[in-house]
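Step one of this worksheet: look at the structure below.
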Amino acid sequence: MTILSIKPFLAVVISLLAALLILFFGNNVRPNVREGITLSAAVIKAVLVFSMVPAVLAGNEYYFCLWEIVDGVELAFRTDAAGMIFACVASGLWIVTSVYSIGYMRGHHEKNQTGYFAAFAVCLSSTIGISFAANLLTFFIFYEMLTVATYPLVVHYRDDKARASGRKYLAYTLISGQLFFAAVAAVYVIYGTCEFKAGGFIDPGSVSTGLMLMLFLLMIGGGAVKAGIMPLHGWLPSAMVAPTPVSALLHAVAVVKAGAFCVLRVVCYVFGPEAAGWCGADKILAWFAVATILLSSFIAMRKDNLKARLAFSTIGQLSYIVLGISVLAPYSITGAMFHIVAHAFLKITLFMCAGAIYVTTGLSEISTMGGLAKKMPVTCACFGLASLGIAGLPLLAGFVSKFNIIRGALIAGKPLFVAVLVAAALLALSYLIPVVRVFFGKSDRSAEISGHAQTVGEKYGGHAGYNDAAPAMLIPIVITAVVSLVLGIMPDAGPHLYDLAVIAAESISGGGGAIV
Amino acid sequence: MNLFFISHIPVLIVVIPLCAAVLCPLLSRLSPSLGKRTVIVFLFVVFVLSLIQLAGIVQSGEAVHYYLGGWEPPYGVEFVIDGVNGIIIVLVSFIGAMTALFSSPFEEADKNAPFKSAGYYSILCFLVIGLLGIASTGDAFNLYVFMEIVALSGYGLIAIGEEKGPIAAFRYLLTGTIGASMYLLGIGFLYSATGTLNMADLAVRLQRVDNLPLIAIAMACLIVGFGIKMALFPLHGWQPAAHSYAHPAADPMIAGVMIKIPAYAMFRFFFCIFDSSLPMMKTIFNIIGIMAVLGILYGSLKALRYDKYNKILAYSSIGQVGYIALGFAIGNFYGIAGAVFHILSHAFMKTGLFYTSAAFKYRYGIHYTDRLGQVYRKMPVTCGALVVLALSMIGLPPFAGFFGKWYLALGAIQNGQYLYVAVLIISSLLSAIYFFRIFEKMFMGEKTVSEPAAPEEYYGYGKLTGKTEVPLQMLIPIVSAALMIIALGLGNSFIVNGILRTTIMEVL
Amino acid sequence: MNMDRNKDRKKIVGVFFVIAVVIGVFFLFPDLLPAVDDAKAPVHTYLSDYYIENSLEDTGAHNMVTAVLADYRGFDTLFETCVMFLAGVTALMVLSTTAKVTKPERSRKERLQISFGSTVLDIAFRIIVPVIVIYAFYVLVHGELSLGGGFQAGALLAIAYMIDRIIPSFNSSLGNLKEETAAVIAGVGVFIYILTGLLPMAGSGNFLEYGKLPFGADTAEQIRQLHGTGILLIEIGVVVCVMATIINILEVVLERTEFDD
Amino acid sequence: MLMSPILLEGAFLLLLIAITIVIIFGKDLLALTIIYCAFSFSAMILYILAGAADVAFTEAVIGVISTVYFIIAIKSISRRCK
Amino acid sequence: MIDIIETFLAEKGIYMMTFILMGLGIFGMVSSGNYMKKIMCMNIMQVSIIFFFLALGQKEHGTLPVVVENLLGADAYINPLPHALMLTAIVVSLGTTGVALALLMKIKEIYGSIEEEDITGKRWKK
């Protein structure tokens, strides 16, 4: 049953207004007015999104249609279960990331912060727009808005390296965006509608397998680039040039998750399990995901730069979600959706720790971070906790989602994927635990580190005898770590994200067995 | 009172600015800027009239016929206003009024050359009249006379432009005259076959003509004539120089609207007069399609090579006119709707971009993109509008450019012409390259824009005032162009379904 | 030098190529156009019969061409006059920045005596100019009855001015019109035309509908008279505009050329 | 009448074509202007043969004016042409 | 013999020569190096199109389109419509020539010459 209400539209527009206000007041006003606007917008948005959760849990959806944007297609927002999960994660983490980026920016004395916060807000509005889009065209509109909004963030430092990585980012995303556009136009012409329908509105026999496969690959191309599936992941490591809150936003909250969400929408809400299965598209997708998981883990091991290592671990983790979706079993879809939540909280903690370390000590290479734990105990503890979560240890959020994906794969009779998932968990351990060991290890080389750190520390505001990160950065880190712990123990804490995942999976597979 | 002037609106839209243009030299004799103000005020009045007219057409649903001189159509000249040219008249009058307002800082009425601003304004007003005339006339020869007026005022506005203006104007004069004569030849052939000049009458009597080679040659002449006026690919020789050296304040009108209205006239001829059952229509559409595809690729590729801001925009215009011709080549409802919608959206985009180019020239005398470094700190509003317009040119969703492409893509896929879809994608990627290159230079380049210390290094047109942002008369058009792009983008289904559908359906 | 010779050779080849192509096309499409003067061609059967038969009753003009030009398709002629006005303004704007050639100031006495030294020119000039002016007015007024009309009259007046202007040093030139004033006069001329178009709109007629001119007419005969007056009014507008524009372009070009008179 | 109008028309058209060829190959601009005046005059006669008296009248007048413009322009530009 | 030529002229000859004239006019515009000659050839092209329309309007034994009392019926007069149209075309050609010459003088003032080679530095036929 759909409730007609303006809430979903308000959730999208709030941060657009915030962006305009920030741009308008911008630099000729004291900085904390700008931060105030950002934070208040974040809080309002989170409240709006979370207020919709109970109704969605009860099985009905909010629907708001602006007007008919193209004959037959409206600019409309519908809050179904899957969209709800992504929106909750995005709006929740936006509060955390804004607090963190205020601390980071202050600590780092960044230039042109108004542009940063405005682009940040537009990014979030397009993310929420993506999650609540009711049809393929609205989805595509916000998807491209996300690309354009993240470009100023990637090129924030405005030096040559940033410019090169910005060009690379644009090349990947725009080309895939145009192919996505062609596929959306083709679907609209062939099927006359592009409304998302749980279980997919494309029925298997309607078009020749070749054409359907081509349509599927064009659409998935759009999502795969943002989700960083292996051949199209090039932009992600080079986007590390951006400041850490941006990498945190890109890799945990907005861009990468939007890619995964796009894959989810395309596979489950456009093609649907039967059509995807019929034209053999899910097998291709699955094999790409498997290749990405294994390859990215091996690369991650060799990366010495902490942020690069985390970037490749993101690529690996995202392919978990894609693998979960392409198994097409109800449990694995539930697991994939919950992994969006789990990975978001875990990865944002890791990135925030990396950012805190960089701002406080100026260190970015893992080899130079020996014995850091003595100086920054809390940051390193949270880093350790999050890396265990990523590896999928029980009692942490990562375990719940991985367990479901493996369960789905087992029931769907794909033992090979199960083996890959288990191997990947071990690999994840292999590239995160050494970092933790370095933190808590001997600090023999800390003497000449402090010399180096001392010069860098001054530059970044930390004093010589640095201790733990500034509170504005420390609090978000602790919050996200605790939340990931809580989600691990009780997946249904707070906005019942796990139940939402189950509802969505049921609606997609037409009411399969649900686990408690 | 309104009963009197409601029924006369079609002709008042053309006659009111005519009085302003004709009396401009006289009025500026009385007081320096009186001529300028009358032209601006009259053009805004015409914009309001065109809105009333469009509202009337949308409500009543059928076309408005106005018999000039009181004679019934085949004997006298008549104006026919239906959905398609109703919206185009609104477009022309809106951009005409905005350009007239935009050029007031450029044409400060100074004592020693009183005629300079009066002459400029009367030529600009004639350009608007010519375009309004082409859009509203229903008579083939009358269209030729209006094209001649548009051409002549084009030569004038280009000739008083920058350093290579006269040469560009002279080349445009030669090619423009060949174009107009080819059009006249085309009408001559049609007249010899049917004996009438009224378009509706022509369409009726052409069905009875079985002399196919004659119609084929007439179509060829018309394609060449319209092609030259539209700067379609192989006939675009005059366009890059003309658009980059024209008078900066009139350039938006020339580049934005002047090369679009012949495209509408082409639609009027090839869809309303020649019925699509003619055997050679398929080949004609294929020829136009090939010209369009080559034009799109040529325009986008050439624009990559240039560094002069106007040259980039001029070459991207060749590409975008290719889009419109592509829409006509596709031929089904979506194709034509896409082409007409692209006429509207591209007119606003290109006009807006040339406004920003003129603003940069006015304030800092910037002609080349690599002197645009950090200009957004000095001129935030202009650069904000530039970002919106450029993103729409690339074809990114929330803006109008995307929906133009959307309809073209739908039409092409319906016809199974996947080459056209591929060309649409390639050209928007190419335009992404050169527009983002401009963004890089503007937002990330090192600071090249500085307040001129001594007056002599000041190349800007305007007087050396302290202000950095352009005066208000220039800001309003820039911002309105950007807002119209957003409004067109989000409101495109109202235009395509509400206004264009009835007319295009009749034609198909 | 041989560079010119081979350029000419290329031109010769070009010329023959063009002629050959046109002849070829004509023999390819035999019955492309109707025979030059067969009366049954579609050209003559449709519109022109109507014009020939009732142009006299409708507009009261014997000369059918003037009837079509001024009344049936009066709107075309309005914009044709605008083309002339526009040409004048454009020529003026283009050359407005070029410096004028300043001729040495001649005292009144010098200008009085005839300096071009050939009596033939002087006597001929004295006879021709008045005749041209009178003939021009005849052509203007006589537009409907026989050949003539606005353009020819305007051009004739301009020629009279031109003769006077080009044969220098004769003091009784009709007056040297500065080009800006010429452009203004041309504007006024076109405005006369527009006024005659707007007047009928007051009396519920369409634009340029001479039958509805508000000069009070009820019988069919008087309406035909009205058409006549309408045509005369626009002819006056056209004359003023064409004369002023030609003089304007002449002045613009003349002022900027070195004449060693 | 010895030559029927059609033949005269043909003859004058040939004359016009000849004048055009001369203009294309001509070098001295002043001579070309005078030939252009001849062209305009014979075009006027052609129009009379075609029965268009009004148009002939206008062509004669405008031919004269164009020739005067050309001569003035040549006076201020250059007489020779490559 | 004469009437064979006559019928040939009537059928195709006149139009063929008109189009030859137009072709030469356009060729002259393209090929001539001097801008002044380009304008002359442009005028020639416009004259040829004007004559094409007038030739369309010809009638066998038709008199001038001025109403004379004793002549009735449509076949007696020549078709007046092309004449009205061509008056416009002639005036347009004069306007264009006037503007072209003004432009020429401006180009001469800026570049010092009106030869294609001096201005753009590229010869027509290498």
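The first chain written gets the first letter, and so on, giving A, B, C, D and E; residue counts start at 1 in each chain.
Please note the rule applied: a contact is a pair of C-beta atoms (placed from the backbone, for glycine too) under 8 Å apart; a residue touches a chain by one contact, two chains touch by 3 or more.
Predicted model only: the values in this text are computed from it and were never measured.
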Contact distance in steps, from chain A to chain D: 3
Chains touching both chain B and chain D: C, E
Neighbouring chains common to chain B and chain E, by label: C
Chain centroid nearest the full-protein CA centroid: B
Per Cα centroids, the chain farthest from chain E: A
Chain whose Cα centroid lies at the greatest distance from that of chain D: A
Interface with more contacting C-beta pairs, comparing A-B to D-E: D-E
Distance from chain E to chain D - Cα centre to Cα centre, in angstrom: 10
Cα-centroid distance, chain C relative to chain D, in whole angstrom: 18
Whole-Å gap separating chain B and chain C, where each centre is the average of the chain's CA atoms: 31
Multi-chain contact residues (two or more partners), chain D: 6, 21, 24, 53-54, 58, 62, 65, 69, 73, 76, 82
Residue numbers of chain C (touch at least two other chains): 11, 15, 32-34, 36-37, 43-44, 47-48, 51, 63, 65, 72-73, 76, 80, 83, 86-87, 90, 94, 147, 149, 151, 246, 249, 253, 256
Where chain B touches two or more other chains at once, by residue number: 141, 145, 148, 152, 155-156, 159, 166, 169, 191-192, 197
Contacting chain pairs - touch in the sense defined above: A-B, B-C, B-E, C-D, C-E, D-E
Residues of chain C defined as touching chain E within the complex: 7, 10-11, 14-15, 18-19, 21-23, 25-26, 30, 32-39, 43-44, 47-49, 51-53, 55-56, 62-65, 67-69, 72-73, 76-77, 80, 83-84, 86-88, 90-91, 94-95, 98, 146-147, 149, 151, 242, 245-246, 249, 252-253, 256
Residue ranges of chain B in contact with chain C within the complex: 4, 8, 11, 15, 18-19, 21-26, 29, 66-71, 74-77, 113-116, 119-120, 122-123, 126, 129, 133, 141-142, 145-146, 148-149, 152-153, 155-156, 159-160, 166, 169, 189, 191-197, 205, 209, 211, 213-214, 217
Chain D-touching residues of chain C, taken from the complex the two chains share: 4, 8, 11-12, 15, 36-37, 63, 65-66, 147-149, 151-152, 155-156, 158-159, 162, 166, 246, 249-250, 253-254, 256-259
Touching residues (chain side chain E, partner chain D) in the complex: 2, 5-6, 9-10, 13-14, 17-18, 20-21, 24-25, 27-28, 31-34, 36-37, 39-41, 43-44, 47-48, 50-51, 54-55, 57-59, 62-65, 78, 82-83, 86-87, 90-91, 93-94, 97-98, 101, 104-105, 108, 113-115, 117
Residue ranges of chain D touching chain C (in the complex, touch as defined): 6, 21, 24-25, 53-54, 57-58, 61-62, 64-65, 68-69, 72-73, 75-76, 82
